[in-house]
Each structure stands twice: as C-alpha cells, then as structure tokens.
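There's a structure below that I have some questions on.
Each chain carries a letter (A, B, C and D) given by its place in the written order, and its residues are counted from 1.
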Amino acid sequence: MAEAGSLIRRLVASVTGATLDMTRSKDARRADRLARVLRTLISEKGEATGAALARRSLTMYAHLGAEGRRRFFEILARDFSPDRQTVLEAAQAWHRDPSPANHAALQRFVEPPRQEVFRRMNMAPGGTAALVGLRNALLDELKANPHLAVVDQDLTHLLGSWFNRGFLELRRIDWRTPAVTLEKLIAYEAVHQIHGFPDLKRRLENDRRCFGFFHPALADEPLIFVEVAFVDELPAAVGPILAPESTVGDPRRAKCAVFYSITSCQSGLRGISFGNFLIKQVAADLHAELPNLKIFATLSPIPGFRKWLQRRGVKDAALRSVVDSGTLPPEELRAPLESLASHYLAREWEGTQALDPVARFHLGNGARLERVNWLADVTPKGLAQSFGLMVNYVYDLGDVERNHEDYVKRHRVVSSSTVDRAASEAGKLLT
Amino acid sequence: MAEAGSLIRRLVASVTGATLDMTRSKDARRADRLARVLRTLISEKGEATGAALARRSLTMYAHLGAEGRRRFFEILARDFSPDRQTVLEAAQAWHRDPSPANHAALQRFVEPPRQEVFRRMNMAPGGTAALVGLRNALLDELKANPHLAVVDQDLTHLLGSWFNRGFLELRRIDWRTPAVTLEKLIAYEAVHQIHGFPDLKRRLENDRRCFGFFHPALADEPLIFVEVAFVDELPAAVGPILAPESTVGDPRRAKCAVFYSITSCQSGLRGISFGNFLIKQVAADLHAELPNLKIFATLSPIPGFRKWLQRRGVKDAALRSVVDSGTLPPEELRAPLESLASHYLAREWEGTQALDPVARFHLGNGARLERVNWLADVTPKGLAQSFGLMVNYVYDLGDVERNHEDYVKRHRVVSSSTVDRAASEAGKLLT
Amino acid sequence: MAEAGSLIRRLVASVTGATLDMTRSKDARRADRLARVLRTLISEKGEATGAALARRSLTMYAHLGAEGRRRFFEILARDFSPDRQTVLEAAQAWHRDPSPANHAALQRFVEPPRQEVFRRMNMAPGGTAALVGLRNALLDELKANPHLAVVDQDLTHLLGSWFNRGFLELRRIDWRTPAVTLEKLIAYEAVHQIHGFPDLKRRLENDRRCFGFFHPALADEPLIFVEVAFVDELPAAVGPILAPESTVGDPRRAKCAVFYSITSCQSGLRGISFGNFLIKQVAADLHAELPNLKIFATLSPIPGFRKWLQRRGVKDAALRSVVDSGTLPPEELRAPLESLASHYLAREWEGTQALDPVARFHLGNGARLERVNWLADVTPKGLAQSFGLMVNYVYDLGDVERNHEDYVKRHRVVSSSTVDRAASEAGKLLT
Amino acid sequence: MAEAGSLIRRLVASVTGATLDMTRSKDARRADRLARVLRTLISEKGEATGAALARRSLTMYAHLGAEGRRRFFEILARDFSPDRQTVLEAAQAWHRDPSPANHAALQRFVEPPRQEVFRRMNMAPGGTAALVGLRNALLDELKANPHLAVVDQDLTHLLGSWFNRGFLELRRIDWRTPAVTLEKLIAYEAVHQIHGFPDLKRRLENDRRCFGFFHPALADEPLIFVEVAFVDELPAAVGPILAPESTVGDPRRAKCAVFYSITSCQSGLRGISFGNFLIKQVAADLHAELPNLKIFATLSPIPGFRKWLQRRGVKDAALRSVVDSGTLPPEELRAPLESLASHYLAREWEGTQALDPVARFHLGNGARLERVNWLADVTPKGLAQSFGLMVNYVYDLGDVERNHEDYVKRHRVVSSSTVDRAASEAGKLLT
C-alpha cells in the first residue's frame, strides 16, 4: 500500500511538476507541519512563546520517519536558504561602501535562516542532543542527496562554534563514574572492543586512566575519550595492556604513559575535532601529577597499510601471499614488513597529508613517528589491517610545535632514525 | 614624559597622516604584537599549539591599556574583515549557481576572520569571561568610534549564539549559595539596592525567592537574576517587600508571586536578552511547586514617566510644579497622575514599541498592564522618575501568546479596565 | 603486679609446653605487637600522636593472618576487659551512695577498655570499614570460641550506636549511580540473583526503584537496599518482575509498589537492624511522590516452609512425595499446600516470634499477612524452599502500629480472611 | 499570673512534701508527657513506630520552656538511671563468673536507660542537632543543680563516641562556601572578632586559609575552625594579619603558616576535643601542598597572664601600676614583662597542667613555646589580658611526640633558649 501510494505520488509529481499536498504521505505532511512551526519560531511572533514552540518542534522532529526527515531536510535546503538576489545586492552595496550598516545588512542577509532555526530548536530542553542526532541523520541522507550539503554546512558551522574547546569539560572517567556514562564507553569504543563492565573495570584501575571531553548540554555523554596505560617502557604489543587478569601496577613507578585507544563518540559531530586538544591536555595533566612519567606515546593501529600494499604490489612471492591472505606473517617477513610499514607511514602522502588516517591525525598533532612493532596486535582485525604491526607515535610536548610545522609547511614527517633507516629499504621491495 | 611622548606621536601622526611604528607607544605596540599572535592563531600553524597561543593572547589582551585596546579594536575592524572583492565574487558565483560548493565558499569568505579570532581566544581557560569583558570595553569605545560597530556586530553574533537559552542553567539562589555569587547580587542589583549581606539574607528567606541564569563557562557569575516575593495579594507598594525586619510568611499560603526586581548583570552581554525566558520559566516552576499561587505579577518602576511629562507639558499649575520639582505629590494630584501614567504606559509609542522601556519589556513578553499604584516607591529615585508611582504587569501564562500578538501585530496594549478608564481621562490634562 | 603476672605466665607456659613467646609464630607475634600499640593508643601518651598510631594499628591488623587474628581477639577478650575487683567495688560504692562521682566512676570502670580501643582505631582513615571487617572476622571465630562473645558484645554495642538511623542517608540507586556501588548490588543481592550489569539495568528503569541506606564513613557501600517494582495489582509471581526483557511501564499509572527484594549487605553489621526503617521510609516517600500508588506490599519467599513440613510430617502420600523431593507440585496439591503455608506463616511460633524468619521480620514490622501465591517462584531455589509458593505482606502505614502491637503483645498475626480460612484447613493434613 | 501559680505550687509542695500533679505548671506537665513518650520509645512497642515517636519527642522537647526542661532533666536523672540493686547483683555475678552471659548482663544493666533515650531521639531528622542543643541547656542547668551531672556524663559519653574523629570531615572554608556557613564563622569567632562579610572575605583570600571540622549530621555547622595566614616569618603582632586592606601575598613564597585563631563553635560539645586533630591535620596538609612552608606556628593570646600577676604581686611600683590598670605598658617595662610572661607560660603549673589555658592546649599537643612578643595585640582585650603580649607556639611535626611526652610524663615545657633565659629573670621581679 505504502509503495503504491508512493508510486502514485511520483506519477502525479512527474505530471504536474509539483508535489501535491493531497497525495503526500502522512510522514511528509508531518514534515510540512514542522516547517510551518519553524517559520513561526523564527518570526517575531515566536518570541513570546519561543520556549514552547521550540519544545514542540523537537517533539515533531522526533516523530518523523525516514521519509519525513528527508522531506524536512529538503525544505531546510530549499526554503530556509538566503535570498540570492538580496545577498547579491547586499554584497554589492558593501563593496561600494563598507559601512557598519552595510556590513550588518550583508551579514544578516547572507546567514541562512536555517541557522536561526537550529539556534531556536536548541533552546528547548534536550535541544543540543536533538541537533547532534539531526546532523547524524543528515549525514546519512547526504550520500544519496549531495545537494543537502548546504544544510550540513550550516549545522556543522553552528555545532563547531558551540562545541568550542572553551565549553568542554575534561573529566576523568573511573569506576566511580555513573554507569550511564560507562555503558557508553562500552558501546562506543572503536579501537579495542570492551567486553562488558568487568573488562572495562580493568581499564579503569589504578595503573590505567581514562579521560573524556564532555559538553554541559550533553551531561552524561562523552564526546571523545582516551584510554591510557602506565607501563615501564614504550610498549611493543597491545595484548598485555588489554589483558583483563593482569596485575595492577603502581602509577608512581611507571615511566611511560601509553595512549592505547582514542574514540570519538558522537557521529553527529563528525569533522569537529577534539582529539588534538584531548591528548595534549591529558599528557600535560599527567606530567604534572606523575613526574615519574618520561614518555608520552601511543600504541596505534596502521589501518591502511595492507590495503595500500595490495594496491601497490610487492615483488617477493612469500610477501605477496601474506599480503593477499592477511594471515599471520612468518618471522622471516619481519624485516621487509617493518621496512614497508615505515615507508608507508613516513613517506606516502595524499596531497598535503599522510596517507594513513591515524598517522595523519598524530603527525598533524605534532607527534613523532617512533617505532614500528612486530606482532603487536594479532587479533583478526589487526592481521587484516596491517599483518599484526602497530606503531608508536611519541608526544614530546617540547617538540610538538616544531614537528607540526615540519609536517604542515615542509611536508616532512619527523621520525626516529630506526624508522628512517627501515623506510629507506622499502623501495626495492615494491613493484 | 609619557604625555610628551604622546604629544610627539600625535604631532607626527598629524604631519605624516599615518601612525609610524617607531613613534607608537608601548601600549600600541603591545596591541600590534597581539594582532600578530592572533594571525598565527587562526592560521594552519596555530592548530598544533592552539591552546598555548590562545592562553597567550588572553594574557596579552589583559595587559593592554586604554590606548592599546583602542588600537587593537581598530586592527580587528580593519585587518580582520572579509575581503570585499572576494565576497562580491563569491556572491556573484552563488547567484549564478547556487551549488553547495558555492554556498560553502560564500559563507566562508563572508565570515569576518575576527569571528574565528574570537572562537580561538575562547578556547583558553577564562576565554568566555575575557570576551564578555572585551565586548564591554568595545561598547565604551563605540560611542566615540562608531566605525568599530563591525567588530561589535561579529562579537554580539557569536555571544548570542553561545549564550543560547539551551546552554543556560536556571539556578535557585539562596542562603546556601556560595558567597562569591551572593556578593555579585549585592553589586549588580539595579532596581532596589541591596544593603549588604544581612539585607540580602531577608530577600532569600522562605517567603522570598531568587533565581538566576548561569552559563557553564562563567560558573559563579549570574547573567540575570529575578527576585520574587510571596504575598497575599497584588502589591501596591514596594516598601513592605523590601523591609529587612518583616516577619517571614508561609509560601504555601501566599496567593501572589511578585517579581519585584530583575537585573541583568553582564554589561558585556547587553542586547542579548534572557529576561523573557527567565520570568516565564520561574513563573511556570513556581506554579508547579506551589499550586496556591494564583497571580504572577511584577511591581515595576515607570522610569520614563516624569521625563515624558516634562517634555509633553501639563495644563494644571499644581501638577506642573510637581512635574518640575519631582517632589512627593499631594493626595489631590492622585487621580490626574494615575490617569497620566495609565495613558503614558498604554498609549504612548515610539515607532512599534511602547515608549516606556520597562513597559516595552513586559508588554513585549505578553504581560498585561494591570494597575498603577500611588505612593508605591517614595525613595528619592522613585519620586524623581515617576512621582512615587509604580505599576503591576500581570503574567497570565495562558494569555501571554495572545497578548504578545496584540502588542506586536496590532500595536495594542492589553490592559485592565481600570487602567483603560484612567487613560481616557489623560487627554484633557495635557497641554 | 603486672610484671609478676607476666613472669608467672611465662613460667607456666614453659612447664606446660603451651605458648612460649619464643616459639610463637610470626603471625602471633604480630598480634602481640598490635596489642602493645593499642595499649599505647589508649594511654595518655597516645593523645599527641593518636592519629598516627591509629593508622598504624589498622595497617597492623590488616596484615594479620588467621592465627594472628585469633590471638588478637583472645588478647582483646583477656587483657582489655574491665577489672573485676574494681568494678565490684565501684558498684558497691554507687549502691551505697548514688552520687554523680560514683556514677561516673562506675561507668568508667565497667566500660571494657577495648571499647576505647575500637573508638581510637576508628579515628584513622578507613577505620569504620576496618572495624566492620573486624567484626565479620570475629563472628566467624565465635563459633569455635564462644568465650570471645565479650569482644563481640562491645563491638556490636559501638557499631549499633554509630550506625544509628540518624546518621544514615537514604539514597536512590539508579543507572546514574557510580559503578562502584552498582557492582556491590550485584555481589550482595541475596534474594533474586542479579546476572550482571544489563540485568541490573532493567531493575533500575523507570518502573522500578532501588533505595539503600548509606553511612557517611562507608561512602560507596550500601548497608541495606530494597528493590521495588511498580505494578498494576498485588503480584502473584516474581517471574514477570524479574524478566529482563519486559516492557517498561509508567510509574504514574501503577497501583501497587512491590518490595520484591531486601538485602542486608554488611555481614559485619549482622544483628544491627535497618530494614524496618528502610521499608517504611521508602513507602512513605513513594506515597508522597506517586499518589496513584495505593498498595505497598512485598512478594516474599517462605524460606522455612518445606523444612518445617519435613520435620512435621504430612498424611497424604502424594504430598509427602513432593515434600521429600522438592519438585514442582502438581495442581491438585495447590489447596493443601496453600493451607499448610498459611498455617505455617500465621500460626507456627518459636517462643514469642513467628517461626519463619522472613515472616518474623515483616510481621514484627507491623505488616499484614495477605496472600499465599501458587507457583510464584519456580526456580530450583524456590521449589526447594517452599514448593514454588511465595507470600505477600502488605504495609498499610495506618495499621502498622496496631499490627505490630498485636504481634508483640498478643502474639497474634494479623492476616487476611483468605489466609485465615486456608490456615484452618491445615490441621487435618498434618500427621 | 504565672508567678502566682508558681508560688502556690511551691507552697503546696512545702506543705505536702511532694509535687502534686494537679498543681504542676503546664510546662512541667509537658515534660511529664515527653518522659512518657520516651518510655514508650525505648520499650519493645516503640520499635514499629520508632521513627514517628522519635520525631514527636523532638517536637515536644523543642516546646519545653525553662521550667519544663529543668523538670525533664530531673526525670532523666531520677527515672532513667540504672537500678542500683540489679547493677550490684550483676557486678557480683560477673565477679564470681566472668562468663560472656554475665558480662552481657552487667553491661546491659549498668547502662543508664537515658542513653537509649538519646540514641532513639537521634533517629529523627535533626536529632543530632537537638541533642547538642539539649546538652547546651543541660550545662547551663548544671551549675545550680550539680546532681544532674549524671545525665551530662551519659550524654557526653554518647556525643564523644558519635563525634569521633573518624566521622568528621575536614573542609576548606573559602569565599565559595555557602553563606549559611560563613555567617556562622562571623558569629562564632572567639579570638579576633570578624566584622561582617567584607572583613571575613579578607581572611579567606589566597594568602589566608580557613579549615573546619564538620559532622555529616550537622551539615552546614562547623564544629571548630582554624584560621591560617601565610607570612614571611614567625609573626610578632596580629594587627598586620587582621588588617582588612592589606595586600594579598603569594602563598608559594611564604615561609611560615600562622594559626592565628582557633574557635570551637558548639557549646553543646564542650569538653569533646577536636583542636588537637585539626591543627596537626591542617599542618600536614599544608606542608604537602606548599613545600615552601617551613614554620608552622601560632600567634596566641596569653589569657591568664595579668590575672596571675595580680594574684602573685610584683615588687616594682611602675610594673605594679600597669598590672593594676591593664593599660599600654611603657617600653622600659618590656624586659620585665617578657620575663614574667616567659616564666608564667613555662613554669607555672596547676597540678599536672600548665596554668595558662591556651598554653595547656598547645603544649599538651606537643608544640614548643617559642617566643613572647611585645605589643603584639594592643586592642583593649589584649591589654586587659596580657599587656598586649602574645606568644608563638611552634608545631614541629617531627618533635610533637617527644615534646608531648616531656610535657605529660616529666612535666617539662619544651621552650626556646630565649624563653628559658627570660623566664630565669622572673624570680626577682615577683614579691
């Protein structure tokens, strides 16, 4: 039935060249009603009853189905855009006479009305969470409907401003944290899966730390969190860190703080970056609290390594077979694979950025590429991505600025001499 | 010496028509250095060390003197504006082809770079408070330098977005509130002065309430607060409410909640309105908590009444003498003054707004003009403003929307029949 | 004198082959050292360094093994008791002359010095928790060494005074409660096992409640907690309440609050009763919050029913076979088993107390015996204890006092007419 | 009228030799009713309704007037005491056979039932505060009625146990502390009066500290608090510390933490000592936080100095005149007065205790008598007590135990060589 109705609607639309209200589905009509409420909300009339209207609009949005949401996004893109002619004239006026009045007019006319829509929706209780959810739904829709990008541009701009670092709170997460937050860590952890509360508990013991950024309007929801382990030296494998039964060490005797997992939690905030701030703040805080810590480093996956090798091709047959299968590599492939990984991380670029996405993040933050580790993550995922290899990026707070500049301005990756040497051997291995 | 230097600088400037770097004062050079730091901060290079640079910029701003601040605002207006030519071209391109890419380009180019400056400064601890302070300083500067309005437009836009109702927390303020917040109430109270902590304590007893909006980034600082008294009936005078020695009543027996003082605290947030939300939220909350409350009303000053009468002129000599002197009016002037006040509040407009600023606020919020009160505030200030008259505005939550529409759309003030009748008598009293 | 006694002890020991200092184990010598520290702690000398000594004594106690603890308890019983002769003389003096001075002396001499020992140990951080643990260890020891009861009497007296209702905090436990507390619920729940955090989460949803008593010195440790379900009517089976996948109901539509599990958490506080206060306080609070709740009742196990029937004997062969096997009873045994359960709960006494321990608790609290439920708990435990039968006790806050008096003074159980009738049928079923 | 009734009652009593119920005042009859409620409360019947009865008893006590309270204390002393004969027999039984059962019986019978009364009253909300108030009233009554001491002994014993250090919370008090607590500091401060909130604010700035002990059952009420100033060296006068307009120093540059005021707040807890713990804990905490602090010392009054000199008599006429008048002493009396103060503090004893009460407290805590300061407190109070002299006691945490032992066991005051020398000169000045 629904499909038939939808078919009829499309037929009618193709004939009349317009969507007729009568043939529209219930869900689409809901979207239209929501749009009307939002028009009132941003009008002068909406001022006296703004809070009530904002609450109503959130409820209406929450009741939209997939079709209604799509229609709503379309309306936002079409009807809540700036007026092209007015904008052009305002730009011309300001170009002629850059007076404050012309500046004000230009800024007012060029700002899409949907920005005010979002600001008004945000006024209702739960508004911020709803808008983060709305952007998540919008991102899904974007793949099939790239013209909706204008809505996303506006929403991203607003969310970026609202989730400014100055409004975020860095909180330690431990076993005294409310369960409502802890269960989110379990759900969100993207790097090394957490197997329920008992597993999580080990990661919050005295020789581990977990910190997250929180926003006041999303009280129990971490935006991003980082997991840290205190160990004796730069770690070469992730297994011992994750082992749930390991003995709890003494943080005041550790030499190295390993950032072994960083997870962004809100897909509706994709593209708004916090990780940079989080790692540096946590490193600085830990340094102040535990002066015994001398090394701040990651133990990171190399997610694009095998895929790159598959594309690039290798000469050696044994190597090629491992590249194809993604199985545990034999010991004799250690040197060649470490060479190739070093090369991949330090010398393969995509435009002005390192090719590997994790490398891009840490090198862009000013970290140093320190060491490639053999059989560091032999889980199926670890083997499939990078033959079990992992890498340490070192955060030396004194060098971060210089490293960052080398990376950004000179497109140069700062790496240890071992990595450099290994990378030099890679050329002859590739086809 | 400093004056001599300043003189020379001005001389040189008048001759060369430009400020020379060498002759610039220490303070002005500090402003230049700050501008350089901010340019780095918004560049790509600023990403790795954004937090540190943001902190530094705040410190540098804090050390500017009056001259340095003025120069800094000038630089923000001149060097951190959008590029006119680029904006025009982007507007033309988007006018021709409203593609998402052109939309994104237009939005990017039209946004003044100083907005990004402010967002980056906000990332440092204390950033939000510093920007509110910066706007306060800017508002002072604006009177003599109206061309700086462009900077204020951008800052106001950002602050308005950041202090969105959805990010504000409504908190009850009572005798358990930290002293650091209470002392601010004493400092800020603008309507009826608070004479130290003991006086404040009476205003926080069980038959009084105080609520404020707070922003998470300005933890102990109220943005606006409202003082409420629970009384038996619509109050006709403010003296009994303020009397420090009065007996504490039982809130569960009161019939009327009087909003007898509303104070905006942050002059750096001037023009960003919270009062509207505050009153309605507090009325709704009190209504839920204390169902015995039947009337929600203000007891408000009439700040512009006497000034208007002075301008307008009255026929009666006795009345004229009181209008001139601003002294306690004799009882026989009660009827004429109540008439004139009713007329002034209900029928005098400035464009589409009520003439009296307090009336404008409450009527715009959808309140009803209820009753003019004789000898309601006989302090020198009360006499000087309005011959001791005050007025009640009633918030009837069910009627707020309709009243607001009458006011906004039909330019009609909803008022009680008593006020209406009294207002009709005013014509014959005026010259 | 003291030294002479010590000499004699050592002589006797050397002859009898009993405990020689030199032959004493390391653990026992640790206990001796602890006793010496405690003697200093309660001396005048201990005043200046009381905090340090108290901390040291806790550490020393924590390092005792089983033998050391036993020896330590022995020393407490033997060497930290009042002096018999002094007490007798003080009692005689006060008997002759009940002056305040004689009263003070009597009270001082009769109080066992170990009470002061416990009070001083309590001064160290973690002291209260350590003493609760110490009593737990002591209770274990008591079975084999009943003469240690004197130590337990003193400790119980102190703990009873310290855990006075006035010092306890009633807290709601929900999904925002720290995990450190929630994991204790899982560990402690004694009535209906909680299968990990996901199971617990269902018990903390909106149509369930959980409350516990907490003591400020044992911050995260519940002393006792009660689990409540909001349902439509007096429940006849526990399965639906425990079902992890059940739909979450609306608490504002429920008629009945069921206390379906009450668990005491601290075995070191055995005999110090909180349950009485907890149930009544929670019932009163829920009544105020949710006026729709009309019935406050339990759904309780009948732990001693089958054991009693086994002892007592039944005539009917089918019944006897079920009594012997503890298997699921067939429907035709429903009437006889309900009769017997009603009789057991309402009419079987042990001295002045109901025979069934759960009945004793609720009837002593003033609850009414309302209904016996067939196949209410068909878990192996439920069948083994009471053939799957459970019982509702109703808390009618207005009748609690009268019911309690009937129970305590007239040894009469207040029960519903259905239970009464069923109980009358039981006689002919018993051998 | 009231007086007439009272007269008649006394007349009747003098004739009949007994108080007749009918002639008793309303207030006294209230006391009798309260006693009846309390008898029920400690009976078995009181268990089911303990919470309600406890609440009622508190209300009843709160409504007693002076006469009713006196009568209530009399009843507590007379009717809620142990039974003399039973106690004697229990003591004899236990003397013969020190079995656990006999021990338990003895302890049960010897404990005055009023202890259980107090424990039950404590169960009601506000119970602890009420009992602290009750003891305060009792202490007043005690002067005229020393036989009530038995009630006080029991109450003191209980309160001492309940306010055990292990249950107290050390809290920093600063300008973020709720006003409800701060106003208590102003009300209670006993050493150097606080002149309202602005004066208090200076004492809570960054170069000052204030800490108090709090009990969970008396949430906002400090039990005792200490005020600390961070200064460059051992201070010789209190004026600069109290000056409200002084510049705020940097705590990280200070060498000396001065405890310049210690105030016990609850007169109902008189005799239960916390000061000892407070000073040492604060000293230890500050030492850990600010390693730059090298000296922990007091600047203390010498409250008994002049009074002692008046009693003792001095030879020199000029000195005698100052001793008589309590006026500002001339400079030439500096040496003799410092000698006499050194002698008074270091060598004058009352039994096993230093004669000066403040000296007794600090020396008993293990402090060292360091320096007598000339013109250190020239307020009228300072002159009247001790001619403006004050004294520094130094807390050297490493020496506290040894100093305390010297004081307690050898009755020796540990003092600096300057004080020693000065004290030796005192003999020849005294008559």
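The definition used in the following text is that a contact is a pair of C-beta atoms (placed from the backbone, for glycine too) under 8 Å apart; a residue touches a chain by one contact, two chains touch by 3 or more.
This is a predicted model, so every value here is computed, not measured.
J.: Between chain A and chain B, which partner chains are common?
T.: none
J.: With centres defined as the mean C-alpha position, give me the chain A-chain D separation in Å.
T.: 60
J.: Using mean CA coordinates as chain centres, what's the gap between chain B and chain D in Å?
T.: 51
J.: Counting in whole Å, what is the centre-to-centre distance of chain C and chain D, each centre being its mean C-alpha position?
T.: Inter-chain centre distance comes to 38 Å.
J.: In chain C, what residues contact two or more other chains?
T.: Where chain C is concerned, no single residue meets two or more other chains.
J.: Which of the chains touch, listed as pairs?
T.: Touching chain pairs, listed by label, are A-B, A-C, B-D, C-D.
J.: Write out the stretch or stretches of chain D touching chain B in their complex.
T.: Residues of chain D touching chain B: 175-180, 182-183, 196-197, 201, 220.
J.: Which part of chain C faces chain D closely enough to touch in the complex?
T.: 44-45, 47-51, 81, 84-85, 87-88, 90-92, 94-95, 98, 100, 103-104, 106-107, 110, 119, 122-125, 127-128, 146-147, 149-150, 153-154, 157-158, 161-162, 164-167, 169, 216-217, 276-277, 280-281, 364-366, 400-401, 403-405, 408-409
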